[in-house]
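In this document, chain identifiers A, B and C correspond to the written order of the chains, with residue numbering beginning at 1 in each.
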Amino acid sequence: MWAQHELILRPYPRGFHLITREVVQALPQLPEVRAGLLHVFIQHTSASLSLNENASPDVRRDFERYFNHVVPQNWPGWEHTLEGPDDMPAHIKASLLGHSVMLPVRAGRLALGTWQGIYLGEHRDRGGPRRLLLTLQGEPLPPAPPGTR
Amino acid sequence: MWAQHELILRPYPRGFHLITREVVQALPQLPEVRAGLLHVFIQHTSASLSLNENASPDVRRDFERYFNHVVPQNWPGWEHTLEGPDDMPAHIKASLLGHSVMLPVRAGRLALGTWQGIYLGEHRDRGGPRRLLLTLQGEPLPPAPPGTR
Amino acid sequence: MWAQHELILRPYPRGFHLITREVVQALPQLPEVRAGLLHVFIQHTSASLSLNENASPDVRRDFERYFNHVVPQNWPGWEHTLEGPDDMPAHIKASLLGHSVMLPVRAGRLALGTWQGIYLGEHRDRGGPRRLLLTLQGEPLPPAPPGTR
């Protein structure tokens, strides 16, 4: 089975944000998949998707601080500065972190580790709403026997 | 449906290059896929595949300049120098950027954002031709009714 | 066809380790796949999976040295230090390198390049056993004609 859904995220401030719940809620077919994969794709080049620690907000703040440090806005090497000082670093961060996550599905649920959550990396100062495309595929669960649901 | 194609890229100079068109042209089955995924894989460890801005050539130059800066050839920490000064940095860049991209397919086309293109990162001075393996899968479009094509 | 297997890796010391053989051995269905994909996923946020050079051990030592250099434990910017000095750098390294690899399968084998192997990046000092989830999918080989096996 295949299912594809567009998901428009509300504008998030610059930084790293947990979006696992929003992704799962956009997938009504998830409980029907016995074994499969979910592809979460962002249709932009200045924001990223990755997987990391879902509990402590200070981890997400450290992500933002570290990536600002290692991809500095004021680096004299940037040539593409026409779209603002946050633009070129945002492109680099997006490629370092990734444009998609691929997640295993097992017994109708995302088979994430206990501490894993999906991070949206919003790398622009005002990124606006971001468009995701979710592609779910897998082997369907056998239909429940009559009378058991 | 599944389709797999090998694609040999002509030698590119060191740097970042848009290869979206070459990839799409190697996929005759793409228009037949209603919903699916395309996996583009590079069978090398000193070149990379990623997704980024497809319009301004200065963005691709900034990518090359930034990655040369953050993974310097003359770093005294390198132990593996036998294959030349560009080799070990090329391996690191390949792992930072990635060996493959996974792209959603929708209604017979790659469902990329307006500004997204596939980047080949050629990280060696003389990388030569590079071998890609394209794996396309998905749900086929229903056949057109008789007389409509 | 779909197959999903859990693979618990024995504890590895901090550093980069080749695990291609362990992954392949956990996949009895691999020889039956004509064309497909293998997804290897790590259910942790302080270890990584990537693909790189499978021959020289000094390449893997350079990976460890480089990533310790670029993501330093003693960086004054870290706020999340409660779980030890190796924890926050491990999260960053895991996102730089990735939580999964997607590999093409062709004619019953992983279609890797000659020099490609799967790297476990163990980024904690004592990471313990790590849990992988392998998801194999693809088009099965046609059954052998009677008498040919």
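We adopt the following convention: a residue touches a chain if its C-beta (ideal position, glycine included) is under 8 Å from a C-beta of that chain, and two chains touch if they have at least 3 such contacts.
All values reported here derive from a predicted model rather than from experimental measurement.
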Copies chain A and chain C touch via same or different residues, half shared test: different
Chain A onto chain B, rotation angle from CA fit, given as a multiple of 5 degrees: 120
Separation of mean Cα positions, chain C and chain A [Å, integer]: 20
Contacts with 2+ other chains: residues of chain B: 70, 96, 98, 102, 137
In the complex with chain B, residue positions of chain A that touch it: 2-4, 39, 41-45, 70-71, 75, 77-80, 82, 88, 91-92, 94-96, 98-100, 102, 131, 133, 135, 137
Residues of chain C that touch chain B when the two form their complex: 34-37, 50-53, 56, 58-59, 61-63, 65-66, 69-70, 96-98, 101-104, 106, 111-116, 119, 137-139
